[in-house]
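One chain, chain A, appears in both complexes that follow, with chain B as partner in the first and chain C in the second.
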Partner chain A sequence: MTPLTPTALPRGGAASRAALPGKAALAAGLLVLALLPVMTGASNYMLGLLISALILAGIALAWALLGNLGGMVSFGHAAFFGVGGYASALLSGKLDLPVLLTVPAGGLIAAAASLAMLPALRLSGPYFALAILAYAQIFRILATEASWLTGGGAGLQGIPGLPSVFGLDLASRTGSYLLLVAIVTLCALAYAAVRRSPVGLALRAIAESEDATRVVGVNSILLKSMMLLLSAFIAGVFGALNAHIIGFLEPEYAFSGIWSLMPIIAAIFGGYRTVIGPIGGAVIIYLFDQVVAKGLIAVGHQIILGIVLVVMVLAAPNGLLGLIRAKGDRDAAA
Partner chain B sequence: MIELLLQALFSGLLVGGVYALVALGLAISFGAMRIINLAHGELVLLAAYCAYVVEARAGLDPYLAIPLALVVVTLVCTAVFLMIDRIRDHRELNSLILTFGVGIVLTNAILLVFASDVRTTSSPVLQDATVLEPIYAMNGELIAFALSLVLMVALWWWLRKSWYGRAVRAVSSNRAAATLMGISPVRTELTAFLVAGALASFAGVALFTMSVVQPALGHALTVKAFIVTVLAGVGSIPGVFLAAILLGITEALTVTLASSALQELVGMVLFLLVLFLLPNGLFGARARRG
Partner chain C sequence: MLRRAVAVATIAFAALCGNRASADDILVGAHMPLTGSLARSGQAFDEGMRVAVQMFNARSGTHKLRLRVIDDESTPAKAVSAVEKLVADGAVAVIGGYGSNIVGPASDAANRLDTTYITAGAASDELTKRGLKTFFRINNNAGYQRGMVGLLKSLKPASVSIVASTKESPSLLAKGLQRDLSAEGVKVTLHEFDPAITDFKPIINKVKLQDRPDALVMAAYENDYVGIIRAARILKPSVKLIVGAWALAVPKLYQEFPDLMNNVVGASFLPFPVEIEDEEGKGFAEAYRKTYDKDVDYHSTLSFVETTILAEAIAKAAEAGTLRTGGLTEAMRTTDRKTVLGPVQFDATGDNPRFSVAMGQHRAGKIVLVSPRSAATGDLVLPARPW
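Let's look at the complex of A and B:
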């Protein structure tokens, strides 16, 4: 039973309405920032890093959606990422369906796979986390064993690439990057919309006290199921996009614990109770890990990420954004 | 075929003994603090690498590493406890994420220092097999199993008879009432956490003497300990022991009858089935549904 804390309460309606122009300016600023690499002609290497960072941002967003609105910590989002990737790769490669169709289909199949986790929604926090961890492991083993479908440990080679749309080659680095900016933005808008809706409010109440919310007549299991499906769908879509961008999948990669671990670090670092936090957190953490940490320590560079995670939980459990906001509140009070 | 099955049953029993040690530590700290320590497997691994250092670098018997392992793991446990104790909001979820982070740090620290190579004991005595026709066992496995039996009885006695043990049980069953009886919940939680660490130390040294260890194993050990805890249900030492043996034997039988790739799968499926269908576990008394 978690006590109600002022920081975790939804912000007042009047305050958020007053902040709207500020939010619009922030969104415009972020969009310019997102387009900057393309406008300044960043190198293919840099675009490649940013593409991976945005894919991570997508899963981090999916993770945070479930963590924030469902109050459930998932240690197994690799399952949805992997299922989405394999589903889209197989549909496009074996059945020759257009990639633009198989990517959302991959998301839908990942969401369908999450149905098997519905019984876990009745479990309390830690048990849900462990159930979904075991669930992700099962998929990794199944993908290795079902070699008639997945190619087994050797994996799938030559997955069809992203097509050209309106003269923009999505398979190019610039094209993939712009596509990911668009889709991450779309997911963020969808998340924000759900958050503002009555469903989102009910879910945040559930995260604070499920028993109390149930007493008021909210069907918490139904709402949590919806968040699980949506979260799995988003993670699946990014798994599919990733598969078509890199053109290759194997079980140890597609279902790697990294896809469960990195979104958690990214979302916690940025602030998982917000929409922007996981995206910014993912981009910062990924670039930091690949450029700085890997440069300092070749093997075992994740030790730095682990330390970041521990420090964030202790010093700023609401992430960087929470830290900035808390400072803003203090300045406003002074 | 019968001989193969007998061998599988026996090997599963011996492995189950070490699973039980790993799982008991986890169950004790969870029982007292209601907090899952996701770095528990990494603590076990830390102790295993202490045994490796003592044997490979100092040339001593790996069991002589137990004092070193106890010191190292106790230090880490105390640090982790102090960190968990600092968490105020959303204690359950934040401590889960915190210990997850500690696990990442420990795994990568071990990777940094010892590289990703697989390590095991080189002691000829431990690796020698004792043959009891038609089955056999490595001496290391037999000693580790005996050690886990002794520790389980010791733990059972401690929880039943000692003041601190009874305090741990009191806090675990009703924290508020225990506080009213003059028990300091924080000190009791620390005690339970350190006892869990001590069990992890023994488990790690035993693991090194009977099997192979590598840096990535910590996470898998935590998961195994959880499978056992969930199978057992909360609150019974014999339950944990039986569940651990059950998991060990099921895994060994899967390897013998099907394939080694499916070994992990069986544990996971068993875990989910029991979690979904029998929320009190096979031997537990208390409900865990939220």
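Let's look at the complex of A and C:
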């Protein structure tokens, strides 16, 4: 674990105010970058790839939130993703509720499902990771067995698509992309707000030494529970969005280990201790794999991604953002 | 640094744009599971498509097709991306893929893009209930059900155990078989299993000790067949027949698992070594052998037929000058031809109501068609089990 250095703590007062124009410029730059594909008229294919990348980014953000704030390494975010997807698909498909309502409801139901995992919060490190992995398997089996509700292994087809809002068809590639940019941004802002707050400070202290923070009166279980709920909510929302965009769900797909594994890779690649890192990591990894690697080796391109990841982890254990920062520090020192 | 960035951008740009069709040929797209859990079937489909295009181009004077296949990695989102990329690159139609769970979202995407989509790898009834205008398929659950029920009825079993995956197509097939066989007075016990399981001994133990059936029926996929038969070979239930649906009576499975496949029966179109009566089938078998140095099989035959039908419809629409203005879908609807799989026509839902399969038995590396009587190349050897 990286020690909690003063530079990692939130800055206050004059320093914070001085950083504001820089942060505003960064935010504006990122916003322009996000809108670039729409402004340049990117193809449906490119927008489709970006949509898949942003869904991955959302889960990576949820995973990093739990890992960074509270030190909980999860191998089971597929559970929240799957529960959110099924909940929203069933609420919209069977009860005819509006999709824009069922998406956050999917997130809430995923958060409620995470309550079942609260006993696992007593565990830490690999024990917590294994327990949450087991929970993900339980939810997958439940989705398969409750065939009267979920369609069982056959899954659900014809899930209602995203609606039109103010003349913008959210089911179109452009509409879905803009919606995902907005929701990823909202989730990142929520994460950043929690991270900056005293609660975030306490959670990062818990990640370093839970015993030490309890000694000074921090209710670590309560704070970790709150993060688990928030993380599950975010993963559930992206599971719901994915279900409405793809229009299909089956337990093997909705609870696939890919939804647990890829966000971890993306977050670590981008830098899981930052807010932007997991998002950037997910977008870069997904696009690199599907555009560059698949362009070079049509079948078996994953091997290129594997090599890049190994090199990246060896060269920059703090992720891409850590690498950029380290280079910036070196340049400044020179 | 800048040079490196330019190099990466160039590779990406080339990957995105480099495969556009030239003005002289017609691009046909396909997405297939060339990697992932369904890769064995996807690769065989890929070979059949390529031979079909090669044969079509050889006999077509004016219209030449160019096939571009994208690996969908056995995942729905990547199949959807593949369809979008192929259409963006100018493909007039998409052939795909394998598994109803992947074909469902991919064909939805093709329909949204108003692009003709044909498949021979998705048998679920749900697919044709969606009312998509651009969706076509040449095989369906009903055909497999007819073939399997025909064989079982001829054996007059008192009881049958069905071991079925809970995935969409196997599950629907199993329920259809249960309904049809029960109506014939056969006692049917259905054992559904989670697609994630690999150890079938508990299920086969139930079949052996509780059901004691005359026949063990499998509605599943390749990897499941291997697991089920492996468990049965260990526990040896007293069944007279082990029978499965698609992708079981294929030479490749025998080559990989000879000790598990001998005597087992599955849906098939052609005997092996291949004996084909019609000229088109003979041409296909010859071209396939020349290209891949092996005989045609179940999957390659399916993909050959779907690709040939699509190619002919493309030529028809191109002749009429309506290829890119909706004429291809109309040309597909007028299809009415005999193929190496039997007759193919499309109804209003895009399904082929005339699809039916024969049943073939693995016999020491050969596949003998044993049912129906009209297609049989030999008698069923009983007990039809590998031990």
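Observations, loosely collected:
The criterion applied here is as follows: the second predicted complex is superposed on the first by the 293 of 334 C-alpha atoms of A that agree within 3 Å, B and C clash if a C-alpha of one lies under 4 Å from a C-alpha of the other, contacts with A are read in each partner's own complex, and residues count from 1 in each chain.
By definition in this document, contacts are C-beta pairs under 8 Å (C-beta built on N, C-alpha and C of every residue); 3 or more make two chains touch, one makes a residue touch a chain.
Note that this is a predicted model, so its numbers are computed, not measured.
Once the two structures are overlaid, the count of chain A residues touched is higher for B than for its counterpart among chain B and chain C.
Touch criterion not met for A:A28: it reaches neither chain B nor chain C. By the touch criterion defined above, A:Q157 lies against chain C but remains apart from chain B after alignment on the C-alpha atoms of chain A. Of the two partner chains placed around the shared chain by superposition, neither chain B nor chain C is touched by A:A212.
In the overlay built on the shared chain, the residue A:L115 is in contact with neither chain B nor chain C.
Touch criterion not met for A:A146: it reaches neither chain B nor chain C.
Applying the stated contact rule after C-alpha superposition, one finds that A:S52 touches chain C and leaves chain B untouched. Judged by the touch definition given at the top, the superposed model places A:V299 against both chain B and chain C.
Look at A:I324: by the touch rule set out above, it reaches neither chain B nor chain C. Of the residues of chain A, those at positions 141, 144, 299-300, 302 touch chain B in one of the two structures and chain C in the other. Listing the residues of chain B that touch chain A in their complex gives 36, 83, 86-87, 89-94, 96-98, 100-105, 107-109, 111-112, 115-116, 219, 223, 226-227, 230, 261-262, 264-265, 268-269, 271-272, 275-276, 279, 288-290. Residues 2, 5, 7-8, 67, 71, 73, 75, 119-120, 122-127, 129-131, 133-135, 137-138, 141-142, 144-145, 210, 257, 261, 264-265, 268, 297, 299-303, 305-310, 313-314, 317 of chain A are the ones that touch chain B when the two sit in their complex. Chain A contributes residues 43-46, 48-49, 52, 140-141, 144, 147, 152-155, 157-158, 173, 242, 246-248, 250, 252-253, 258, 290-292, 294-296, 298-300, 302 to its touches with chain C in the complex. Put simply, chain C touches chain A in their complex at residues 8, 11-12, 14-16, 18, 34-35, 70-71, 75-78, 80-81, 84-85, 87-88, 101, 104-105, 108, 113, 124, 126-127, 130, 165-168, 171-172, 192, 194-196.
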